[in-house]
Structure formats: C-alpha cells, structure tokens
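Below: a set of structures, written as structure tokens.
Below are two complexes that have subunit A in common, paired first with subunit B and then with subunit C.
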Partner chain A sequence: MITTMEEKPHVPAAPRRKKFPGWAVGMISVAGAVALLSVTSYMTNFPQLTSSGTTQTAVRLMLPILLAGLGGLWAERAGVVNIGLEGMMIMGTWGAAWAGYQWGPWAALVSAVVFGALGGLLHAIATVTFGVNHIVSGVAINLLGAGLTKYLSTLVFFPLSHNPRQSPPVQPFDTYSAAGFADWLGELESGQRLFISDVAGILRGLVTGVSPLTMLTILLVPLSYYLLWRTRFGLRLRSVGENPHAADSLGVKVYFHKYVAVIVSGGLAGLGGAALVLNPGQLSYLEGQTGGRGFIGLAAMIFGNWRPGGLLGGAALFGYADGLQLRSGGDTVLALVYGVVILLGVIVVYQLIKRKWFSAAAAIVVAVLLYLLYISLDEIPGEFVSYAPHMVTLAVLAVASQRLRMPAADGVVYRRG
Partner chain B sequence: MSSSTSVRTDDPPAVVLTGITKRFPGVVANSDVHLTVRRGEVHALCGENGAGKSTLMKILYGMQPPDEGTIEVNGEQVRFRTPSDAIKAGIGMVHQHFMLADNLTVQENVVLGAEALHGIGQKARKRIIELSGRTGLNVDPGVLVEQLGVADRQRVEILKVLYRGAKVIILDEPTAVLVPQEVNELFDTVRGMQAQGYTFLFISHKLDEVRAIADSVTVIRRGTTVGSADPKTVSSRQLAEMMVGSELPSPETRESTVTDTVVLDVKGLKLLTPDGSRPILDDIDLVVRSGEVVGIAGVEGNGQTELVETIMGMRKAGSGTITLQGNDLTKLGTLARREAGIGYIPEDRHRHGLLLTQPLWYNRILGYQTRKPASKGIWLDTDGAKKDTERIVTEFDVRTPGIDVPAAALSGGNQQKLVVGRELSGDPVLLIASHPTRGVDVGAQALIWDEIKRARAAGLAVLLISADLDELIGLSDTIKVMLRGRLVADADPSTVTPEDLGSAMTGAGSTSAAVQETAVVEEGEN
Partner chain C sequence: MGNLRGKLLPPALAIVFSMLLCGVALVISGANPFSAFGAMVTQVGKGSTLVDIINSTGIYYIAALAVAIGFQMNLFNIGVEGQYRVAAVVAAVVGGSIALPPGIHTLVIIVVGALAGAAWAAIPAILKVTRGVNEVISTIMMNGLAIGLSAYLIRRDVFGELRGNNIRTPEIPESGWMPGISFGGGGTMFGFLFVAIALGVGYWIMMNRTRFGFELRASGESATAASAGGVNAKKMILVSMLLSGAIAGLIGLPEMLGRDHTFSLNFTAGIGFSGIAIALLGRNHPGGIAFGALLWAFLDKSGLALDNVGVPREIVTIMQGSIVLSVVVAYEVVRRVELAAEQRRVGRELGTVGGAA
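Entry: the complex of A and B
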C-alpha cells in the first residue's frame, strides 16, 4: 500500500512573513552605512567622509538622481521602461534655465516639469499608442533631448550669454538652516569623537542649506509611495504594469494609466534637471550637464527593487559617491575603497555563516584586490575620480541585481483585444 | 444536477443572445448564434477550439461589439461597450488563462477595477473574507497570488466576479488546468453557488464534464449554434459528433508494437531545487523501448516538467545517467541531444516550441539549424527549410494561408501540428511529447494521435506526459505515476480507469489492481 501522504497537492503556501517591515530594514541599513563610514573615516583618518560639507553636497547631488529614479519608478510600475529619462532630464535643464533666468526659481521648477513631461508625453505616444519598442523610443528621446536643447540654446541663450553651451545665470532658491541645532551639531562634529562626531557631521549636513527643492524632493518619496501603494489610482497603475490584460478585463483604462505614469515620469525627470540647474555650484544650464544622471537614476531605482524606499537608498549612495569626488578628490575616494573592503569583510562573514562558500570566496578575492589597490596607491587618479558614481553604479548593480523583482509586464508593449 | 430544481422557468431568462454575428477581416467568427440561458441553471456551451466560443463570450462580456444581433439580460435588451457595462448588468467572466497579477495580493487582484464598492482597505478585506467561503477559498487576502496553486487561483477568479456582484458567471474552459480531484471540487463549488441562485455559463470541450455539471447544453460549430441537448440523455459521443459534425477519433492504440530494444535509459536521475534544499527529481529510473509509448501521469508540479527538461538537457541533472541507444547523453547540451535523435514537443509551445512573431518556415529551422534540410554546412538553407515546411503543412494538415505568415497567426491546433510535424521529421528515435494535445481542437488532436501512433508503429520510442488521462491511457503501453519527483506507481493502461490514476496521482493510494505501487515507495515511506 502507498502510505497516505501528509498533504494535498495544492496546499496554499503560508503567507510569507517578512522578518522585518520595510521601514525597519531601512533604518538598519542607514545605521549600518553610518557605522561603516564612521569606522572608515576613523581608520583612514579622513574626517571628510562624514563631514557636514560632504553630506550637504551629497544631498544636492542626490536630488537629480532621486528625481530621475522616481520618474523611472512611476513609468516602470505602469509597465513602460523609461530609458529616455536622461533625455527628459536634459529637456528639464533647458526648461529650468530658460524660465529661471527670467522669472526666478519657482518658475524654473514649473517650466522644467513641463518640459520633462513633454518628453514623457512623446515617449507615451510612441510606446503606448504606437507600440514602439520602449528601448528604441527611449534612446530616440535621449538623442532628441540633447539635440533639441542644443538647438534651442544656440537660438535663445547665445545672444544673452554669448556662449551657445550655457544659459545666463539663474537666480537660486533661498536656503534654510536649523541655526541653533546646526551650531550645536557643529560643536559635536569638531569634537572628533568616533561615531558621535560622524553622526553629528552627517546630520548637520542634512539640516544646513536646505532649499525648498530639497524638501519638495524628499517629500515626493513618501508621496509616491502613498499614491502608488495606498490609493485606488496607484493600484490600477501598478496592475497595468503587472498584467495589463487582467487590468483591461476588469475595466481599468490601461492606456490612460500608462500615459499618466509616463508623463509624470517625464515631469519628475524634468524636475531632476531643474535640481541640476538650481544647484548652487552651477546655477545655469550647461551643455552635457546631466552627465548620465538619468541613467544613474534608473540604476538607483533598479537597486531599490522598484520600490521608493530602496530607490532613496540607491540615490543616496550614488549622490554620496558623486558628492565625495566633487568635494574632496582622489585621496578621499580611495578612503572609500577602504570602506568597501570593510563592507566586504562583513559580507564574507555573513556568507560563511550561511555556508555560501562560492560567494564568500568571491567576496574575499575582491576584498583582497581592493585592499592591494588601497595600499599601493596614494590617491585615485583624477581621471577616474570623476567617474566614481558610475563605478559605484556598476559595482552595485552587478552585486545587487540578483534578487530583484521587476513589474511582470515591464517593457512589454500592450495591444488591446 | 441535484440542484436543477433551482432553475426557474417562469422568470425571464438570465441571458438571451439572438442572431449574433461577428466578422473579422477574412473570417466570420460567429454567424447567427442563438443562445438562451435560464436563470439559476448551469448552461454548457460546447464546441471545438476555433468554433467561435471565445468570440461569443467576448461579445457577451463586452470585450467586442457584435456586428449584428442583440443581447438580452433578464428580459431587457442591452448594449455592452466595455466589460464594465457587462459587469454592471451582473455578468462576470472567469477567463481560461487566469487574468491575475502574480505580484499583487489576492485582495488587490479582487478589488482592482471595483474599488468604488468597498475601497481598497479594511472594508474590502472584510467583504472578501465573507465571500471567500462561497468559493471554498481559504487563504488570507494579503497573500501574493504567485503563492497560490492553480485551483486557488481559479477561486480567486471566481471571487473577483462575485465581488462585483455578478449573478451570471461565465466559466471559460475552467477545468483545462485542473486534475480530476480539483475538477470535482470546482463542481462542488459551482453546485453550491447554483443553489444560492447564481447562473453559470460553462464553456468546455470536455464532454464528460459537461454532462456531469450542466443542466442544458448548446453546441456551437464553425461559428454557429447547431443545436441543444439534454445532458442527462445525450452521450458524450453524440455530443462530440455534434461538435465535429462527423465521426470521432479516439486515442486507443490497438496491438502492441513494443520491442526489446532499449532506446532511452534513465538511471538514478536526481535534480535539486536551485537553492539545493529539496529534490525535484528523486532517483528516477526509466526505460523507454523502441515502439513503446511510456506515459507519465501526475498532478502538475510534481516534477514531470523538470524530468522532461532534464532529459532534454535544459536543466543540469544533479546525478544519474541518461543514455540514448547506448550513447551517454548526460554531459551533452540540448542541441547535441536533439541531434542524437530526440524530438521534443514542449508543454508550452509559446514559450519553448515556436517564435510566434516569425514565419512558419523560420520556425521550421529551430532546433534543426545544424541539420538537413535547414542547413548546409555552416549556412542556413532557407530554400530547403521552406520546402520542408511546405511538406509539413501538407502532410500534417496545418491550415495556414502560407508558410510566410507568422506562427502567431495560426490557431493553437495548427501551431501544434506544425511543432509535431517538425519534431517528427529528421527520423528521431525518441519523441518526448509533453501535453501534445493541450488546448487543441478535436481535429488536430486526432491527427496528432494518429501521427504518434504511426511513428510508434515504425519503431519510435515515445515518452508521453499528459494531464488528459484518457489520452494517456489510450496512447500508452506503460503508465508510470509521478508524485513529488518520484515514480511511485505503474499502471496498466488496458485496465486502469482515470479515477484510479487520479487517486494514485494525488498520493491517496489506490484500491485498483491496475495500479501497482513500485517497491521503492514502500521502503521510502514506511
């Protein structure tokens, strides 16, 4: 006799219990990152790693990446791959500069959103209505964005700035600082105590020189989460990205939601362009200003597993790498390599505990190579330093892309019927 | 049928379709269709694939407008422009291919598009739990759909329809993805809901099931209704002949052609899950001889797919050997295995068998890119491929306007005939057929059965995996039952019944002498 089996063939799996809720994972990651940086800065004697100045720059540079990433999130959650973020961002920079030098920063924001959204609209028309391959359309928009702004700059900016590659200066936002609090943090920071000074430095960077755009952008993260995950509209938008046929069969207007998502996506990317133009270090449109940040934003979104919280983490990481190289130069970036070695050490221990021998071995090899690099160089050559964010993007995506879950119908052209 | 008392004849019928005609460029999908569904009954709509059932249901569900004809619901004439119009009129549809987003929760899938009813929060959750009972669904609404089995997904589909307040529920081939036991559960659900006053339109070409569940039957053939029947008096054979309009094929093979020549010899085959935690295939020993059809029965997800893919080299075996005519294949890649003489009809022709957007002759080359007639040396021989595609189209009766149309333009049955024709060319010694007639019409089914039988008579060894137990019993010389990655029992196709096989498949044990447990299991389980 066959003995009776202990279960039926299709017993539904028990609900997957997450060990930690998302916000807790976020807090733990932040604490871990701060601890890592503080140990690194202590060991290598580079207080710049966690100084308020670095943090402040990092936040400013994070904004465009974060906004581009949010743009990517909106589009891809509705199932449209938006590789045209870069082009929409470029259009945003031009729009921001054009309105900004005439009517001030708020007008710059609005104009950037409109210009970016126009790019998004074009992408939506191509991909949703005409079923063009999303990548093809995105690449076309990147080329178009660069070409169009070049033309418009020559036409509009050249007579004013006598430089076809640059706009007249744009009026910046007023910035705000939490004065008393920041001073107190400043004292703590200069105390040079392990961890406390580092935390103080980072916090001080976060509360000093905050522009309305920074606040707006940070607010957009929870707002996007709320809209996409907690409202009826968001549910419909996500369902379109997961299974448009199912959504359509339930009376969800698939094309409409895709259009909205891609236009919002473009608007956000455009806003990211404005964040570049209104960055206190530049304050004008410059040709080639975006420097691939649209793509990095997309990478931040992928790193964040198509979720707003993770995306914020990715953007912070890339912004930090960018800020560090701009502010401090090659020797500090080299100190960061030391930090990576420490991080890899932690990963090795973790993998060994989990008995993943191959991963552990790979991590050891990389760690040793990086450590050799660290002790054999005085500083990273300037040519490489400016590519630090790109390197970080590459490394992070190579490691992190293993267990990601993209929307099921992402990049799939949907035809009704 | 016990509940047929709930059919009320004095009320206006739930749904009346009159003179529905729908034309697509080049074809008439429906012409002058008449259908009357009384309130509270289970009404079956039978027809071959391609007969126009799906189009008709799309029209009733508002997905396509009819060119001519009228729809009446509860005695009132209606016009549906979108599915939401149909939903408002109380008509709901459970699609054959589940319309669920795997990465959303049960609750999200249910409320999607009907958020106006109870929002998307706690109120909706309460309502869903309330309705779950009626469908026999017993999971938390917060679970992701991807974690559910097939039967539960179907319940979620029914739940979606109930949540919207549907009174008339269209079930489009609901049993295609279920094993017999699950079918019974579904039928219990249907009867229970019928007793609560729901009306069902049950679309199927599985006639035994139609007779088991339906109160009345309408048969559709070549786009038009050819008649109605009383399921209590009509036989499956009569119904089928109404559907096809002629005599019927059967999978039955007559005399045995089994020889002593071992073609495929699998020994001790093991395969682990990607994370290495548990075996998907556990110590499989399997022999297929020349002229023999070995059938594998099993509930889907018990390792049949993996077994086939491991034999084909699409998955790497953990241990064990695979030998074809004395040649060890274990270390070879898929192409080399195919070249060694394995033909392969994949279970999902869209994922593995065809490039849907490419022309037929292009699909002919797939898997034969190194062999005649599709290749000459290092160059592809497009002329040869086209010529041979023409041959397959004629010999296997692939109904197509030409060999340059994309594969997607063909119906499922014709696509499958193309695949079968391709895999039987080039003189294979072993054919692995995974669900060879799944989702194809009766005509294509008969042809595929005939071709497999003919090849078997010519000495081909066949490994057959099928969820259609009649097919399995009819075609096979030996049946093996697969459960949780192991071959747990042998059955004799000349005496075994689908019910016996069904209970052996779920591991419930069998009382039939036709099913004999293999010794391994007893040792393993005791």
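Entry: the complex of A and C
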C-alpha cells in the first residue's frame, strides 16, 4: 500500500575495516562511561552520580525500556515496523496484574507475555496477511490496547480495588543480593576515592536487590543476539527483513518468519509491561503507567543502530537518566550536562587528530553552549529530564542518521506472488 | 476506483464488524448488547449530548484534516498530538498576557496557535529534508517533548498559576473569547465550528483546485513520477508538514476560546491520535472525514450513557480501535478484490480483441 522509507536507497554501506570486535567496543564504551561519570562526580561534587542507590534504580527503570527495545528489534529485523509496542506493553501490564494478584509473580510474567503476544499476533495479521501499513496498524493497536485494558480493569479490578484505574496489589519477586561482596563494595564506596569508589558504587548497585526478572531480562539480550545472528532461524528471519523477495526465492517462509518475529516482539513488550507492574515501587497495574515507554524502547533500539548491544547501551543510558532524576533531582542531572561537555572535549581532540575540522568545530560550539547552560542554571527542570531519551534520540538521528543501518526492507509491505 | 460501492462498503463493514465484536464482548461480560447500544442512541436526545457531539465533531474534524494533509503524500505526521498541545499552551500564554480589542485578540490567539503548531512541526520537517530522518520516529519523540514542554510552561514559577486544585495558565480576558451559539439547557455550540467548516472547504479547494494540491496528491501516488514531473520533493515535504502543523495548532482552540479560556492540567489529550484514526476512516476526503469525526464524537459522548446500564464505557474505545483496524483491513481487501477483477476484465478484453484480429 504505502512505503515510508522510500528515500533510503537499497545499497549496502561500503564495508569498513573493523579495528575491534563488537564485544571489545562494548567493553571500551562501558569503561569510558564509568570513567566519565567518575570524573564528573569528582569535578561537580555529586557522589550520587555513581552511588549504588542510583544504579539500582536505574536498572529497575531500564528493564521495561530494554524489553520494549528488544521487542522492536525482533519485529524490525524481520522488516515489520512496530510502533504498537506501547499498546502491547499496556496489555502486558494488565495481564501481569491480573495473573499476579492471584497466582504470584511467575504467573504474572507468563500472562504478560501471552497478552503482549496477542497484541503482536493482531499486528502480524494486519500487516503480514492483510498488508496494512505498519504505522497505521501500530497506531490502531495503541488505541485498542489502551481501550481494552481500561475496559477490562473497570470490569475486573474495580470490584476488588474500588478504583477502576488500579489493580489489587501484586506479590513481588524475592530479590537476591550478593551480601558479603556488596558489603565489601559498600566500604569501598564510602571511601570516596576517585574511580575506585565510583566503580564500587555502580557494582554494588548491580549486585543488590536483583530479582529473577532482572536476570531474565539481561539474559534475553545475549539470547536474542544468539538467536538472531548465530542460528539458521535468525539468518532467515533477518533475510526476510532485508530482502523478502530474495528470501522467498531461496525457499524461506517469509510470512512464517514475520509472524514469529512480530509475536515474539509483542511478547517481549508484554514482559516489559510486567517489569513495570512488578517494580518494587509500584506492585500493581495503574492506568497510564507505561507513560510512552514503548516508544522509548523504540528510541533505544534506534540509538543502538538495530543491534542488541547498542540497544542495551541505549536502554541503560535512558534508564540511568530516569533513575538519577528520581533518586536525586534536577541539580544532579545538571551535573550530567557537565559530563557531556567533557565527553565533547574528548570528541573534539579525536576529531582534530583525524583532521576533521568541521566536526571538531561543531563539537566545540555545542560544548560551549552546553557549558553556558550548565553555569547559568541551578537545576534541570524535572519535566525535561523524563524526556531526555527523546532529545538524545533526536540528536542521534540528526547527527548520525546517515550512518545508522536499519534493515533494508523495514516497513515495506511484502506480498507473496 | 470510481464506484461508490467500493468507497462505502469498507467503512460499513468495519462498523458492523466492530459492533458485532463489542456485542460479543458485552455478552461475555454479562451485559445485554442491545440495551447498551439502545442506551447510547437514546442518550443523544438527552441534556447537552447532541451539542457536545457536534462540538467534539468539529475538534476531531480539524485534527483529522491536519493528519490528512500529510497522508495525502504518504507523510506520517504522528506528531499532531504534540503539535496541538504545544500550540495550545503557547496560545493560552500569549492570549492571557496581552490586551487587545475583541475580535483582534481572538484572531491573534488563533494565528499564534497556528504558528506555534507549525513551528513544532518544522523541527521534524527540517530533520527530514536535511538529514533524512524518518518523520514517524522524530514526531513520536516530539510528542514526548511536547508533554514535557507544556508541563514546564504551566509551572507556577514559569507562566502557570494555581487555581483550586488545578494548575493553569492565566485566564484569557473576555476580549479574546470566541462567542458560541447557546441552546440554553442544550449546551453551547462553539463558534470555532465555523472555522472548522471553512478549513474543510479550504482543504477541498486546495486538494482539487490548486497546483499545490495536485502536486501533493501526485507525490502521494508516486514520489518518483512526481519528481520526474518537476515536483520539488523537499519543498513539498516542508510545506505540507508546516501546513499540517499549523492546522494541528488549531485543535485545542475550540475548547480554549469557547469554554475553558485557559490551558490547564485538564487539557484534553489524545485528539491527535484520534485524528489519525479518523483520517484513515475517511480516506483523507473532507466529506469522509466529517463522517468519521461525527462517528467518533457520537461514540465518545454517547458512551457516557453506558455507565447507567452497568457497562464500562471504555467499551467505546475498544469499538473505536477495532473500527480503525478493521477499516484499513477492509480497504485493503476491497482493493485487492478490485485489482483482481480488473486484471480479469483486462485479460478477457485483450482475449476478445486478440480473437477478433
């Protein structure tokens, strides 16, 4: 019917010589990020930037974004744009609460996956079988998901909780901490030594209060990578997203792979909904609790260039900004701006070494502007911090949209024949 | 494509299908679907419901027009939601802080709203034409930012003030209001409805009687053919996006100029997404959109009656969602059937021609 991506030419990018493998880039980025945060917290005198509490909150807030992003990854790798993630996530929150208050957290997870997958199935039927435009179907599913859960919660939850917008409380997961290790890290953290205390704080946040859902979610990232990039099934699924006609001519079942991908996508988004419901600070279904996180997951996926590792990085970044705001307020977030200025300084030096004068000049201008912002403000208004992911995504798209590499047939309606 | 049946059949099928679906849902949840639908129809005659429906129709109509301009050239302006929110808060702030003679004051507010909407739409438009950023993603992000910006602007230390339990912008003085048509107990019809009608007429003229409209539709039919014919694709994207944003900027004004006179936390959200659904239902045609907007408004306002018969009124939202999903499926199915019929017809005629020769 309509293709939205027409301006993207179907020419593969020229293969670049890779200096490092993907995992090494990941390790270097993590080390760089920790070093940057550590220097920033030292310079601005905000130890909260790397405290264990902030990290713990960040991980919790990261989970739904990460799961939604993985959902987007599965669908888009098979060539189906899924902006219905938000609606599927909402269905997941309802499913999780409905099963959760009756049969406990594990049932909540299963039910959330089933509800999300139903949304995915609907999207697959509309886009794959009937060839409806992907965006249109996604918008409709968002409307439908919100309406369905409102109806069902008035019907089912209202008699129990006497509030049509909220479910009865859900039983949480037991959480696990590496007690001895965490205590030792705690000592290191309180030492307030540059870098060592920061690393200790972050690690301590990562090993305290870990729920089975956190572990499951983190495991889903390498699992998705393995399934999509290292198995025959994954190769076929991605070939469907790159060039369905070629895949079809080689005997790949295009419709089947698209269906599987979109249903898995819905299931993952639903699981993201469960992560919201089972968040220790929440523990119930609340109308509107997804708050656009399905879209942020999509943003994390784009930030990560349609790759699982990058997606994890994006989700961590967005979860961190959210967690920092929630734990420490706008003045701490302002310290992050200082961190970005330092980062830009490094980029300027790098670009100067590579003799890219224009990029270096642009980075200098942005850095100066951000520094002026930093010294003129007392805090970043909370209203904006929640939308940091949106701004970062727009900036990434504006700067790097030519370098992002989405699946070639993403969003293109395929018809067998 | 010219036959009326092909145009009217899909929406009719979609509505019947959705009613059946919701009827089944009602039966499962233990309610009588006939009494529920009956209550919705009788609700129209009660109190101010009819006028509410008409007012709401006007608002949805503007929203769907804003979306439809983009749709005409396959430009997905998902950002109508954010554009009208930003435009409403900016118009409220400006309108509440200036003093002008009646009429001019109202006009200034309208112009400011349209400009603010266009400005908010300009960001994704510029990103698209200069950097090739897909407008779906950028407008989704702009929607999020719009919520943040409007929440910030009505903070008490920025432009907002606390009135009762509600934070809002300073009230627009009476010179900036737009008078409506009062029906006493039947409610007051917004004066802005006439602007909505004028917009619909203007949209029809633009699409069917101007060069711009022709180029817009040509770009939608085939972008490559249009650009080969000398249509500047970047200019078309920029202009249609700005136009779409400007119209989106008017969505919040009927309620603001006719009833609320301020932007507050009670601001009606979600109209932009309804606009997308209605534009799809009406196939971007000004008449079709009017019908879709009326249907949407009827479902919204009559749904209130469902609470009285013990049915959660959210069933209406399910019905709206299933209507839009089934209507796009129905259009696609009808298109395929017609295409197949056309192919058969051409094949048959070519066959006879070949036989005669």
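The rule is short, and it goes like this: the second predicted complex is superposed on the first by the 382 of 417 C-alpha atoms of A that agree within 3 Å, B and C clash if a C-alpha of one lies under 4 Å from a C-alpha of the other, contacts with A are read in each partner's own complex, and residues count from 1 in each chain.
Note that in this section a contact is a pair of C-beta atoms (placed from the backbone, for glycine too) under 8 Å apart; a residue touches a chain by one contact, two chains touch by 3 or more.
Computed from a prediction, not measured in an experiment: that's the story for all the values here.
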* In the superposed arrangement, which partner chain does A:398 touch: subunit B (first), subunit C (second), both, or neither? -> second
* Name the contact category of A:235: first (subunit B only), second (subunit C only), both, or neither. => first
* **Partner chain in contact with A:332 - subunit B first, subunit C second, else both or neither** => neither
* Of the two partner chains, subunit B (first) and subunit C (second), which one does A:142 touch, if any: first, second, both, or neither? -> second
* Look at the residues of subunit A and decide whether subunit B or subunit C touches more of them. => C
* Asked: Looking at the overlay, what does A:52 touch: subunit B (first), subunit C (second), both, or neither?
  -> neither
* To do: Based on the superposed arrangement, let me know which partner A:407 touches: subunit B (first), subunit C (second), both, or neither?
  => first
* Asked: Which partner does A:251 contact after superposing on A: first (subunit B), second (subunit C), both, neither?
  -> first
* Set of subunit A residues, in rising order, touched by both subunit B and subunit C -> 1-5, 8
* Which subunit C residues qualify as touching subunit A in the complex? -> 25, 29, 74, 76, 78, 123, 127, 131-134, 136-138, 140-145, 147-149, 151-152, 155, 223, 273-274, 276-277, 280, 312, 314-318, 320-322, 324-325, 328-329, 332-333, 335-336
* To do: Within their complex, state which residues of subunit A touch subunit B.
  => 1-5, 8-13, 15-16, 230-232, 235-236, 238-239, 242-243, 245-252, 405, 407-408, 417
* Structure fact -> As the complex stands, subunit A meets subunit C at residues 1-8, 81, 83, 122, 126, 130-133, 135-137, 139-148, 150-151, 154-155, 164, 292, 295-296, 298-299, 302, 381, 383-384, 386-387, 389-391, 393-394, 397-398, 401-402
* Structure fact -> Touching subunit A in the complex, subunit B uses residues 63-64, 82-84, 87, 93, 95, 98-104, 108-109, 111-115, 119-120, 138-140, 142-144, 147-152, 160, 179, 182, 299, 301-302, 483, 488-489, 504, 506-510, 517, 521-522, 525-526
